[in-house]
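Each structure below is given as structure tokens.
Two complexes follow with chain A in common, the first pairing it with chain B and the second with chain C.
The block that comes next holds the complex of A and B.
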């Protein structure tokens, strides 16, 4: 990829047509880049600095003025039961979500690895859940989980496994977070599948043929060819799943409301900031989430990603 | 040779993948075509025995608060997504071209800065963006929402378009420049047409991202004047006042546009996603 980026520059430098423009200061590129630069600096870099700096301040609409308060926002977070509870839920979302979306992504990518008639159509259907808003997916799945009209309870009744009126969401914490995360996995898996699928497309068929000649069975070929060579795709898929799960908001908010059985850290950030109007603590919490996200992403890249040379 | 490799279990797996992807959508679609009592009937109707469009008629033609709210927020989400997509693609195309083709002081620093913001977790800037928009009286305005969307969607768009522009041979442009065209004419008449698939990809992906937004508009638009459909639907769901079959119909309305885009233009979307992720 880096070479592709460098190529046009090299051509540009030697290209006779571009040379006259480079003698004086060429303002054109600055004009072209300026709008994006203004957006990114004004609405991404500056706000991010706000978050970092103001997390060390008391910023509370109900308790003005804004004043420096050191680490007290961070200390308070650890004593806020709702926050620590949501951190435990979020840890569950992350572990289950990353594991499940990665495993399903690998399985689906392997299913699609070799061309077959209708593969394009299957891929079109496969990416559907990725394209839909998380909130509306919450609405769709609440129809699956509903005690009366839901698909799961109806299947239980039809198959005579039970009365089929069990309350699935909010009844107990493990079931609740599990079902909420299932909805998010439904949304994330298409992208994981595509990323891993793209990595699999680069594996030369001859490798499999040689392994078959050497007597390796399907499972053996999967373990020693497919899996190692898919690692770049798997790492990128895991990072995107990690970011999505650590920042989960839409699914628990819609499926389970503000209830503590499913609330995530991002939900608590929202409640602390926009209901309690304690922005300082909200800043601290979003900063912690950001740092954990970056740290875990780097870990995944460090241990899973391997540059593949073919 | 190839066909011999097809494992018999593969067909089963592919059927499962299709079911997994469409059953939740099917169930909502089924429910949206039923009356509330039919949806709750036992034994369950796995297909609607007496399908009715009454729920959709209520939402699209009815005069109640829920129906007018849904229609207004549907209009809002279309306006916000279309505006955010147009601005994002236009600005990103100009910048991406500059990053791909020009040498200028600060090139690398700027390019890296733009891309680095992609690594920010999405909600790091939620509170400051709200406070900035609030300071400029842009809460509950289309402008406020579109500004925030564009700032979030630009980095990926710049990256994807940069890669498309870089893959176009510079010799084509040099020929244009020798013929006396200006750099902007070359960009408009030679480069952009060649990069059209990339532009379409990123436009569709940006539009879908916009349609999926929830927490930002939840904070930035507190009333119906600008609330997108996603925010209104979540509010209706939370209040438990709307019959579940009507909610299903609202959900189907909310996914109709993104689902159609995903099914019809999946090639562009898949290519764009893969172009954006191979760093």
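The block that comes next holds the complex of A and C.
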């Protein structure tokens, strides 16, 4: 691509009309952008292309050589019970995680919308769960869920609600997936809150004042002003929650091991790739996850995002 | 302001950098060639040692440097992450470390893949074999893939205090006696759930089943990788049944379905909530149960020779080893390090025979039999005489080497046994699912 800059015809000192010069290529912008572009190409585009191509090949360290195998990686994955089971778990993680973190994010952002004493401190504390690595959170919550010495069972026993030896994780699939997702929601909600909170800060106070004058109550103001104008922030929050839940790994792995009651698609990708050394299938599974992520993100943007001009 | 010429130079440099980066990104995927340019230098070099354990005392590494001129850069990492790094580096044909972990369970896989250098070309294999019973677990087709540095093996531990409270003074020697004793402890209310089995879907559960299968007098797979546990009268089937029944009968705490091996040791055995762990780790009395900071049962736990069908059974070896990845920069220096690390002198130092300042906290049991015997004679190893005796007969899960598809098999073992323990599938179905994986994988290979 050539960037051309129009220049006026020049007149030389002798007064005769000069021959029009070729428009000059200004390389400086390209040079400045090059480092970032190189990183994006080298660390995102190339691996992505590599993944797409190799997903159609048998790339198995224990079954060399690498050879074209068409769609067989994808077909085998869909016939793999562990993968389909983890896909069902992941679907649950996505639905519950995105819905819950968005609703809680909106609620907390609205609570923080009006300035109050100590709001900065509250926001700082709010960020903490988001700042913690998933593995650390998993370990922390495993202490809470532990059936032998966990906080929840201790509370149940102390308050005489039961014997306090209930098994929370691993036995009932729905309960297991729900509790694991609760831990992830605990981690994701602060970011959702901040994203929505940032959108709320852009809403002019005059709109609320005018609505109040028109007799709108708090709920009406929320539905007619806050929610519509926060949609850009809500959409971004939902997309980040979507990406996080589709790629959930740390929490189920730490809290529930490799058990089928909580395993996620990303965990299966890890097992297929690094335990079984079947990288072809690992690429295929990664590609499927990436495509689902893009498709669902587009849906969120299509139905939730609205351009807001204030 | 830059001239056109200098701009062109910049552009060229940027383009070159982009091409270089792209080439680097593309080159890692399928390269299988051995590392080129590995140095035979053994002095004045720095080697990276990546193991799932804390480093030994700095003084020991300094002494090694003074003697050899080799500086050691120690990189600690958890076991699972390390296995991923090993696979990723080997697949991408890139340097990662000069010395790293070789787990017995991956010897078959690593041996076939050729990711590690054969150590018999660097070390005296016969000399090591004479003093390291567990070296067999690291040998494949005559090639030594790794050398054990810690002679971990599975043992039964019992809290003699809890047994005594139930009126049991003679320790069991068979699995039936053992089971009855546990039932007695439960029936007398000494502890609610006397047996610790870590039923979390993790490697520790597979290991527990292997040890129990061995106690029932059988093996898991034959030399061709075919399952030996499908018949209800087989040792593996009985072992699975015994383990799952222990949950159903209330011998195992219900919460143990999500407890891994180390959690079970720390929260149950070390706190006196369980009376026994059938498949425990050798050396834990020294490193955990007798440590009063983290245990309430100091002096109360002892090792028990594994109760078998009609008498004591063999113990399962579960050692940690180290080897040299093919992409090592300094393989000769790495070999010198391994030779030093597993030498009788160093093992004696690390185990506390030559003073507390030389003790390596992570060294539970030395891999050299001679050093274990010295420790036992010097009375520096809790229950050392019994440990030394059991080490002599510790045998690998797979006498012919772990199959290349072991990780897939183990995953099937622990996920299905876990599911059986939760009640979501029967023992028969779990065994069938595990056997299907073994049959499929062994046929494919």
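The criterion applied here is as follows: the second predicted complex is superposed on the first by the 271 of 310 C-alpha atoms of A that agree within 3 Å, B and C clash if a C-alpha of one lies under 4 Å from a C-alpha of the other, contacts with A are read in each partner's own complex, and residues count from 1 in each chain.
Criterion: a contact is a pair of C-beta atoms (placed from the backbone, for glycine too) under 8 Å apart; a residue touches a chain by one contact, two chains touch by 3 or more.
Not measured: the values here are computed from a predicted model.
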- Message: Touch test for A:249: chain B only (first), chain C only (second), both, or neither?
- Response: first
- Task: Look at A:277 in the shared chain and tell me whether it touches chain B only, chain C only, both, or neither; answer first, second, both or neither.
- Result: second
- Message: Taking the superposition on A as described, I'd like to know which of chain B and chain C A:178 touches: first, second, both or neither.
- Response: neither
- Query: Touching A:47 in the superposition: chain B (first), chain C (second), both, neither?
  - Reply: both
- Message: A:260 in the overlay: touching chain B, chain C, both, or neither? Say first, second, both or neither.
- Response: second
- Note on the structure: The chain contacting more residues of chain A, comparing chain B with chain C, is B
- Who does A:30 touch here: chain B (first), chain C (second), both, or neither? both
- Should A:66 be classified as contacting the first partner (chain B), the second (chain C), both, or neither? second
- The shared contact residues of chain A with chain B and chain C are 28, 30, 35, 37, 39, 41-43, 46-47, 50, 54, 146, 148-149, 257, 270, 274, 279
- Contact set on chain B toward chain A in their complex: 2, 5-7, 10, 13-14, 17-18, 20-25, 27-28, 31, 39-40, 42-44, 46, 91-92, 94-95, 97-104, 107, 110, 113-114, 117, 119-132, 147-148, 150-152, 154-155, 158, 162-163, 165-167, 170-171, 173-174, 177-178, 183-184, 208, 211-215, 218-219, 230-231, 233-234, 237-238, 244, 247-248, 250-251, 254-255, 258-259, 261-263, 266-267, 269-270, 273-274, 277-279
- Message: For a test of understanding, state which residues of chain A touch chain B in their complex under the given definition.
- Response: 1, 4-5, 7-9, 11-13, 15-18, 21-22, 26, 28-30, 32-33, 35-37, 39-48, 50-51, 54, 107-108, 111, 114-116, 120, 122-144, 146, 148-149, 151, 154, 157-158, 164, 186, 190-191, 194-195, 198, 208, 218, 236, 240, 243, 246-247, 249-250, 253-254, 257, 266, 269-270, 273-274, 279, 282-283, 286-287, 289-290, 293-294, 297
- chain A-facing residues of chain C, complex: 2, 4, 7-8, 10-11, 14, 17-18, 21-22, 24-26, 29-30, 32, 83-84, 87-88, 91, 109, 112-113, 200-202, 253-260, 267-268, 273, 404-405, 407-408, 411, 414-415, 418-419, 422-424, 444-445
- chain A residues touching chain C in their complex are 24, 27-28, 30-31, 34-35, 37-39, 41-43, 46-47, 50, 54, 59, 61-64, 66, 82, 145-149, 165, 167, 169-171, 173, 255-261, 270-271, 274-277, 279
